[in-house]
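Next come the structures, one after another.
In the two complexes that follow, chain A is the common piece, with chain B as its partner first and chain C second.
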Partner chain A sequence: MTHLELDSVKKVFGDPEKEGVVAVNDLDIDVPDGDFLVLLGPSGCGKTTTLRMIGGLEDPTEGEVRFDGTVVNDVKARNRDVAMVFQDFALYPHMTVRENLGFGLRRENNDMTGTEIDERVTEVAEMLEIEELLNNKPAQLSGGQKQRVALGRAIIREPRLFLFDEPLANLDAKLRKTMRTEIDELQSEVGITSAYVTHNQEEAMTIADKIAILNDGELQQLGTPDQVFNEPANLFVAQFVGSPDMNLFQGALSERGDSYRIEMDAASFDIPKRLVDTEIDTDEVLVGFRPQDLYQARTRATNGPEFDTQVRVVEPVGTEAIVHGTSALGDVTAKVGRFHDLEPEDQMELTIAPEHVYLFDPTTESLLKGRLVTERAEGGTSADSVEA
Partner chain B sequence: MSYVDQAQSSYRSATRYIPESLRVYLPILPVMALVGLFILYPIAQAIYSSFFTKSLLAPSEAEFVGLANYVEIWADPDIHQVLWNTFVWVTVGSLAAIVLGFLMGWLLDEKLPYTSVASAIVLIPWVLPRVVGASIWQFMFGGSQGIVNELLVQMGVIDEYIVMLGANQYSLWPPIIGMVWRLAPLFALLTLTSLQGIDEHLYEAARMDGATPWEQFRYITIPMMKYNLAIGFLLMLIYNVRNFSMVWVMTKGGPGVSSSTLPVMIYRAAFIDFEVGFASALSVLLFVVLLVFSYYYIKFYDKVRGDM
Partner chain C sequence: MATDNTDPTAEYRKNQSWLYDSKAGGYVRKTAIGLLTLVIGVFVLFPLYWMVVTAFKTTSEIQQIPPTVFPADPSLEGFRLVIESSIQAGGYAGLVSDLFGITVTSAIDINLLGLIVNSLKVAVGAGLIAVVLGTGASYVLSRREFRGKNLLMSLLLASLMFPGTAIMVPEWELISTLGLFNTHLALILIYGAMTSPFVVWLMKGFFDDFPDSIIEASQIDQCTPFETFWYVLVPMARNSLIASFIFAFLLAWNELVFALTLLDNSKFTVPPGLLTFVQGFNTQWNVVAAASIIVSIPVLAGLAYIQRYFVQGLTGGAIKG
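This part shows the complex of A and B:
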């Protein structure tokens, strides 16, 4: 059980005096005991580097890594009592599954007897349903089975921390979902603080207690899945989180009594000031609509903008459909419920409630107004089912 | 009809009087002939000669003596010394070359700066012509100007220059040292490539599993390299058993037979004593030893390929 803190952590590869690569910059992250942190960000943003610094495989150039308040920068990886699941599994190819699982228990800083180790190996193998594979070598396993062994090798020790580096990246979509649930259940069962790297936002939203979104080595936001979805700190987070991508339009903003008036190319609407937490003093804004917040005006009236849209493509996704259309505002994407009757070329009128509209400062790209969660009479798309 | 079909049918018609079972060997006949001529024939000739007494001075007076040459080997007053020398030479030489080579390879594996330059330098002993390398060592160990003597005196190991190459009790060792110097680089390179073939993530996984550097070496490095090490060791054995130039250049196998190994004895028998039959019998003996080593070499090689 460990409270993990990263304090102003920086990692520069190469010669810091010359032009080293800044992989991670000034990172502050606090993960309370037992929490599941997900590090999310595009490729090359420093996720793996961060994880490796927590595990002790990489030394921070600056800053502190703390476990339960104790600085561990100088503690060697093998003494940190941290288990890591590598993206490519890194199973020991010359050992059987049984030996792979037991390896960590046989080390000198672990004084278990042979029988205790065997029992523990069997227990974990049963939990992961790999008992029949115990005598196989890794080369004889499928991707999903290797995955389980890698996972087993980590959980067998009950370490202070779990680190997962894109552990599901090599699996097919179905297995990924199953394994994701398994990791989630397992972690809440054993309650060990975990850090999990992914660049899949959907995975992050499902599994995380807290998400840390990184870009170019810098922390963009640290928050719960709801927070990063509804109140993204900036445009980057707003665009990275949520699927399909947020619709963005330019707009002009003016104050009108106790409302802000937003004027876009072909629509305008008012946002009551009580829905806005920040003091807005720009007259240009970026207006964001989440596809799942758009409705057909004929099914639901709002105080928000209404705009005509011609359907271009209808993409069914499970019980819903993603509609790409051309509107007076520009290209627009909307997510509609199951009982739609839309086809290409159809005309429809889309609308969005003012509380769901996002506003960003176009120069600093920081959030001016986020999405307020309200009871929805219909549609079935609330923030809780973002991943659907 | 494709060209392949055409070629097949014209091959069939051209060879129609040859039975099907033999016809399939026809295309590899040239290779078989070459192998036969250059490999099998000399071996057969050596075995055949070993049943005769035959002098190089009067080859036509060869006389069939059955196994007499082999009996003579057994009775030879020198043979025990020579076999023992060969055994020491092969085991000590190979082990030392492996330990040293492993160390060199391990150092080359990114623990030394300028790895590529260093690997090139390390290979020099292997690349030098054998006689040149052997001469260098002969010079270094040799009589009054030998640098080795000077070094030992400087280090206080000995008080005054001693005769090394010409003394019965020492003469075997300088050639072994020379041979280790020649073979270690080869093994260093083998070590280097197999070390570099080990996925860095395995070490990281082991570190996360709490393994100390020694445990990483013991449980990751060694097992991952064991086939390469075994094959390298067998290669060293084979090289060492066959070696002739290092001993010949440095000591001519002497004084007496104090530094003679089997190949040196064969050379002496054939080209100094001109006893071709006796030399052939010795060669057959060496051949059998090599065959045993080669058998294990091939078995290991198959196992490695099977594991991959």
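This part shows the complex of A and C:
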């Protein structure tokens, strides 16, 4: 049970005075006891370095790492009482599964006898359903089984913190989904504060209590999955989170009474001022549409923009399809239902509700208006769109 | 374009060659490979064969011209002389005559068992020194960055290229100064020093390939650096350590020049000991061959037992996860 804090943590590889590489810069993260933090970002953004600094495998150049208010910068990894699951699992190849699981307990300075350790190993193996593998060596296990052993090695000790370094990256897609759910369940069950590194935004969204999105060593946003999806702090977060990628278009903005008028190349629409929290004082904006928020105008009417799109590719994904098309605004990606009659070259009309539109400042790239969930009424026009 | 009466599979046969795609060609290839293997085999094994055959010949047959390929009159004379000599020189003559009532007298005065024991002592000592020093050095050279590291590695490699005899005189002086002349410790130190660089290179290859994450996992599992080394690195390095040990062991077992010059008769190891059987024109080659066979047996038996580790260790730091 640990309250984890990172306070202005900075990591420079190489000589800080000369041309050191700044891997992590001025990072502040606060993870309350029992929370599941996901560090999300593209390759080389510093997320793994951050995790390794929490685990004590890397020393911060500046700043403090605190467990329950105690600065642990000088505490070595082996004394921090954390457990870590590595991307390549890092099982000891010369030990059986039983020995792998029990190794940490045997090295630990505890009063457990050999029998007690064996019992604990069996208990954990049953929990992870690997009890029949206990006498196998890691080389005889499949990827998923190795993953379970690696998890078992982490949970057997009931550590202060769980650290996961892209634990699912080496698994196939189906296994990744089941293991993701299992890790989530396991963590909620034992209630141990966890930090989890991934570059997969979908994984992050499903598993996290809080997501920290990093880019180039800088924290972009720290928030719940809903927050980073609906109110991304900036353009980077908006584009990194969510799949397929957000559509972005240039637009001109003007005030008109109690709404903002957005003019784009082929469409224009009004956004009531009530939907916008911030004061907008630019006249140029970047307009963002999530593919999920686009509808075919023939199926749903909105007060937002409508624009014609020529279908290029239809990618069915079950009940919906991802449609890539060309419109006067530019290339558009939409996730729509009723796609069976759509063929390449067809014309369709797309629309989006004003509540769902994102607006960004084109120079600072910061968010002006996010996606409002509560405003949306199912089945068509919302109360707002009537007055707009 | 294929017409009606051509074979429809002809398309797939365009690239065929007689040597690789016909039955006759297959036989030709197999025969050629077999012959080549045979030639190489004879080249490698004939000296060994000749040693064995010589051991079973009588002195007169050995001197016969032309020589016989098989002993016409197999005899264990050579073995008898070696064993008698060992019994007498080892001081067991009295014991043997008490137990079996056989009186042993021998013109030769060499105790083979004593030679083997001396050699084992020296070879095991040298092997241990090489493995312990070489492994420690290679771990540091592989895992730490420091100034002069490449120079050090090059020096170690260069030292392997030196013929041992080139540094004979300074070594001799050194041993003399240390007062280690005519001791087995002198040989252990010299052989250990000669083989350590090789062990460094071999083990460095292993440690270079060693995944960091396993070491980090052991740190997370609350291991001290020594525990990591002892419980994780050493067991995983087992094959490479065995290969290193065998290499150092064999070099020490086979080395002649230092042993001959630094020791006197009473402390000889196997190679100079065998040399004392060779006595100018009077050499009894069947005795030399028989002695050679006898001293090879313990080494062969040991190697047969651990050779799979040796091969795995030499073929690289294959760490299977």
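By our rule, the second predicted complex is superposed on the first by the 369 of 388 C-alpha atoms of A that agree within 3 Å, B and C clash if a C-alpha of one lies under 4 Å from a C-alpha of the other, contacts with A are read in each partner's own complex, and residues count from 1 in each chain.
Keep in mind that, in the parts below, a residue touches a chain if its C-beta (ideal position, glycine included) is under 8 Å from a C-beta of that chain, and two chains touch if they have at least 3 such contacts.
The shown structure was predicted, so the numbers you read here are calculated from the model rather than taken from an experiment.
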Partners on chain A (chain B, chain C) - clash or fit: clash
Which of chain B and chain C A:Glu349 touches, first, second, both or neither: neither
Touching partner for A:Asp172 - first (chain B), second (chain C), both, neither: neither
Touching partner for A:Pro138 - first (chain B), second (chain C), both, neither: second
Partner chain(s) touched by A:Val82 [first = chain B, second = chain C, both, neither]: both
Partner chain in contact with A:Asp265 - chain B first, chain C second, else both or neither: neither
Touching partner for A:Asp277 - first (chain B), second (chain C), both, neither: neither
Contact residues common to both interfaces of chain A (with chain B and with chain C): 55-57, 76-79, 81-84, 86, 88, 90-94, 103-104, 107-109, 153
Parts of chain C lying in touch with chain A, wherever the complex brings them together: 211, 213-214, 216-224, 227, 231-232, 235-236, 238, 319-321
Chain C contact footprint on chain A (complex, rising order): 55-57, 76-79, 81-84, 86-94, 103-104, 107-109, 138-139, 146, 153
Partner chain B, residues of chain A touching it in the complex: 55-57, 76-79, 81-84, 86, 88, 90-95, 103-104, 107-110, 153, 157
Footprint of chain A on chain B - complex, ascending: 199, 201-202, 204-212, 215, 219-220, 223-224
